[in-house]
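First chain A sits with chain B, and in the next complex the same chain sits with chain C.
Here is the complex of A and B:
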């Protein structure tokens, strides 16, 4: 039996235009909403599957504003068994703070989690380090960039893309894995799952520490570029004009 | 001293590592008090090439961490090797391995780490500008602690040789590795979907495929275009999510960041996440049925039309112009 803790982050949906808050310290997501990182969605899928396969429990955990309950309920709707929200101002918590807060929760939890999953990096801050820092806090082996994993007795066999092919790792449990998109296909919530998520009582806790901060000074956006597109034409008749562009760019094989 | 982790392969140093060396040298030049040294690891496949590349970058010393523990990749072991050389800054390219190893370095040293840095805007205290939101925004961040741990964003600078090449001192050493360092080593490499990001990131021409392609069996025209141009095929996230193409071909926030001379985006609407991966292309051409799609309005050139009509016409024109008896 492997109990899995899956740590997820509520991030602004940034498929459209990005706006900053007046103080330039955060993203103004009032009009775009929030979502989960693609890597987090894969971590949920992988973690739920591993817990189910071994008869274990899959719990999702998030550190953030009260609104993060939305993402936790989504994770429950796609198969997680329970959810914990550590309420905190996400802007105030740097990656080391997040790792320390999760480590504190893991140490205090009544359930032991043999496997902890995180997304490889957050879609908003892209820090690439919470998983590794958490592993050091808990003195566990850690892998990042992992696409798939399976439990084998007291070890976890994990695969991720490496420079020469698929890198295979085998590390002892308890362990920590940072999951990268590309190995598992996140499922959509079923109606039954949604009903379960709606009913679930999310365990809410206060942050166990005062954050040291992320070091953020401010955010900036690249200068908006006015459209300077040169229309080459419509349909197949425009093909020669495009090939002219390629020729001028010096990229035609000769 | 600025210590740069250099990732190497059969062709020598990775382009992203050469970019990082150039970034480090430019910072050293500004500071006036720092030198740049390099760390290479494991059994170097192309040692002579690497030596020449590092000399061309003006590196003062090269630390080669070898020994049996360094033959197979393990982030902890690589981090131990870096920590064995005291430095003021530790830098690596913002690749999967560079990011992983430097996260270990920072976690052990109890320092902060700045990922995907594009510029060092201040040095007292060290403040960097780095990509966030997948490159759609920048964060100015204070980087606390010593050493200053930084991964450099792909294409933050063009790799450039130093004004004068160096004759770097080459130091072989065997880091003292712990069991924990080796516990996370690669146990084997299987054939399959390699993290072939270097093919995309180093390509001169990239043909990008979006939802407009229509289905997994509808890539023939684009593959022919790719072939005719000696290009590399890339894809938007929706294409890899739908399983039409492998994940390693994905361009964008959770895929590769490319910087080709020409990027031809076919049937791609151009979400912020996709632009995050392709905005460094020198020339962007969009082929799309929607003249108002962000990919079109943000491109340098565009054709409005169905890619399955336009791309065959481009292929025919390319074959005509590149035929041996083509008169031009």
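Here is the complex of A and C:
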């Protein structure tokens, strides 16, 4: 039985043009709303599966504003068993603060979590830090950039895309893994899942520490990329050029 | 980005279903040099058409909306983008079952095949629906889904093939120039276009575009939540977009419709979520499209539970996932109807907004006809953007009513139902006195108008059974027997009526006579001090209004018309001024108030407060003049819409309260009663066979059909004269009749009273068809307390239009026997008009 703690972050949807808040300290999400990073969605899918396969418990945890309950409920709707929200101002908490807060929660939690999953990095701030810092604080082995994992008794066998091919690791539990998208296909919630999520009582806690902050001064937006539309041609004459493009991008095998 | 042309005959802004339909129909009607622009790319520029659920249920209680929908279905079929699936509107409650019987009556009136079916029948066709949850359903075999985007593309292509259209996607309008109240130029980020006609067909962005020209398009972008779930195993073996009937779960405000392997679930039950047209994200800023806003789950959760209850096998399957969920934006308006026609604020600026996919192509045709000939086939009064007064166009009113209207989308809306938000905007000077009389206020274009007075309750005992009480809750909702008691007291003694909701405007100047002669059917070249009631027709002889005109001077005519159509009428006169340079239209609506005093004792009462000669010879019927009433100068006009001796009394607004109190005081010895609009608008006029614009009269009706012909036609030319002469020479295809209900007893033993809109058929339910292919329906219904009957008005086929013909009216699932009582405008009460002329 492996209990899994999956740490997720509420982030602004960033698939469209990004607007910054007036103070340039955060992203203005009013038109796009909030979501989960793709890595976090994969962490949920992976963690829920591992817990289920081993008869364990999958809990999701988030540190953030009250609105993060929306993302926690989403995770429950796709299979997580329980949810904890540590209420905190996400702008005030830097990666070290987040890692410390999660570590504190793990230490005092009634349930022991043999495996902790985090997303490889957050879609909005891209710090790449929480996983490693959290592992250090909890004195656990850590893997990053992992696509899939399976439990083998007291170890976890994990795979990730490396520069030369697929890297395969086996590390002892308890462990921490930072999940990268690409290995598992996150599911959408079913209506029954959504009902379950709606009824679930989220455990709410105050942050266990005063944050030191991220040290971030402000966000800046890169210059908008110039349009890279290439006209391949018009009508049937364009077909060969289109086939070339699809073949180059790996969509088609020739 | 391409550069737009420097000139265009017309610029159509928007390439959703509405803009696309308009350019096609304009091209078909001969327009060339049409420029269509959209901020977004084609074929889906990102507006509401792009995320519409695209299904069509044809039946609506409104005749005009149903006609537009049927017209649209015909067009979608011609374009090959309509898939007939059939549709169920299911009922979970008894109240809804009753509403569905009412819907069936409407369906029969509009000639649409439909029937009420059992839960088992629904489950046979929709095997994944739990029949235990519902009481029954309304089945419309002709319901279906369309590909509105494909339709739009085809229509643009057809217009382009005619050499009529140039389309510019990804071009944004940045401004519009208005000179002398007329649109002159459209600025875009791809150049400027000189034009004198602009159509705003921009859906939820329409207010923003109109504001560039200084005009208002009163709508609120409102969220309609929708999710799509799949893959649904039950749909795995079906081919095409839809094989199972669409289900509207009316009582929960939801719909469920197959879309390929998925099921779409949409809702009109969640809290109203309104946006601001200026705040809608740009295409680049949006996650999906600008009108597919982030889904707010908590708003949808209750609907999910209800949908799950109805379709547990599909929606309860944990392999069926929520793959798409949006807060889709659509357009809500202050009264729920579309916003069509030329802006009353800027000439040449046309609105084509707040239109559903189901009406899009029909609206396109209607707009094109309107812009081309001015006489579209379908009546426009309910959708004409000019219907709103300035106070109805305020953001507060638009948002309040849009929010209130949103949950009525699948609601059971009583014909008399009142808006509850943003009330007390236009108050008559008598308002305080009316409150003291415990008036029950109904709203008319912002005015608070007494419908009846609770202080008249003691009259109920006085008149006993003659007040024709109604036992059924629905029939008596928004109604009181006090109305009938007031009616009887007015007929017996006298009544005083607050008529402040009248719209009043003067036509003045050297061209005034020519202008009113041109607009009015009746002879306007009458002596000063004459009051003339007249129809107003369009070029093809359809009613545009009916109103009264007082000749106050050589060059001054005062037009008095109903509040409901007053703003449209004022624009109608203004647009048709002869010699506009010297003819002015001066709005007096907010300057004058009007009090009606009618009844056999009216002369005695008025005589107590005036020294003027108001005797039968001193103040003749159909004349007007200024008289002194106490300290007030009053314009008195001796006419009546209730068929009694009496006057309409016009005074400056600030003197209205004094006039009211003077009359009330003077009327005390004669038992004068305050009388509400329940009498003025229904019982009084129906006993007299008086027609009402919007009910009996609209642009699809003629003077001949309405039995309002006079022996002679004036020689002076007027709009619609040729058509009117033609109509007079031919036998009518349909005739407006008054009918009385012979037996009110329903199958459940309760007496029922029709409220209007019901289907009329032969005694055993046989359908009747008039010369225009239409089925009769009740245009107005109301008590006739002085006759002791319940009266209906309806256009009947000529064969049935004979006094004594026995027919039936289809109400709440029962047929009630009715008899034709009048086949022309001869009043059933006081047919010789001795009262009004006494």
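Following the convention adopted for this analysis, the second predicted complex is superposed on the first by the 222 of 254 C-alpha atoms of A that agree within 3 Å, B and C clash if a C-alpha of one lies under 4 Å from a C-alpha of the other, contacts with A are read in each partner's own complex, and residues count from 1 in each chain.
What we mean here is this: a contact is a pair of C-beta atoms (placed from the backbone, for glycine too) under 8 Å apart; a residue touches a chain by one contact, two chains touch by 3 or more.
Worth saying up front: this structure is predicted, and the values here are computed from it rather than measured.
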(message) Per the contact definition in the header, classify A:191: touching chain B only (first), chain C only (second), both, or neither.
(response) second
(request) May I ask you to decide whether A:143 touches chain B, chain C, both, or neither, giving the answer as first, second, both or neither? (result) first
(request) May I ask you to decide whether A:73 touches chain B, chain C, both, or neither, giving the answer as first, second, both or neither? (result) second
(request) Would you check which partner chain A:31 touches, where first means chain B only, second means chain C only, and both and neither mean what they say? (result) second
(message) Contact-wise, after the overlay, does A:123 reach chain B, chain C, both or neither (first, second, both, neither)?
(response) first
(request) In the overlay, answer first, second, both or neither for which of chain B and chain C A:16 touches. (result) both
(request) Kindly list the residues of chain A that each of chain B and chain C touches, one partner per complex. (result) 15-17
(request) Spell out the part of chain A that touches chain B in their complex, as residue ranges. (result) 12, 14-18, 20, 27, 37-39, 94-96, 121, 123-129, 131-133, 135-136, 141-145, 159-172, 180-182, 185, 214-222, 225, 227-243, 245-247, 249-254
(message) Which stretch or stretches of chain B touch chain A in the complex?
(response) 7, 9, 73, 75, 94, 96-97, 99-100, 103-104, 106-108, 112-116, 127, 129, 131-134, 136-144, 151, 180, 183-195, 198, 204-205, 228-230, 237, 240, 243, 247-248, 250, 253-254, 261-262, 271-273, 282-283, 285-287, 291, 296-306, 309-310, 312-314, 316-318, 321-322
(request) Report the residues of chain A in contact with chain C in the complex, numbered from low to high. (result) 13, 15-17, 19, 31-34, 70, 73-74, 187-195, 198
(message) List the residues on chain C that touch chain A in their complex, please.
(response) 229, 281-282, 284-287, 293-295, 297-298, 301, 304-305, 307-308, 315-323
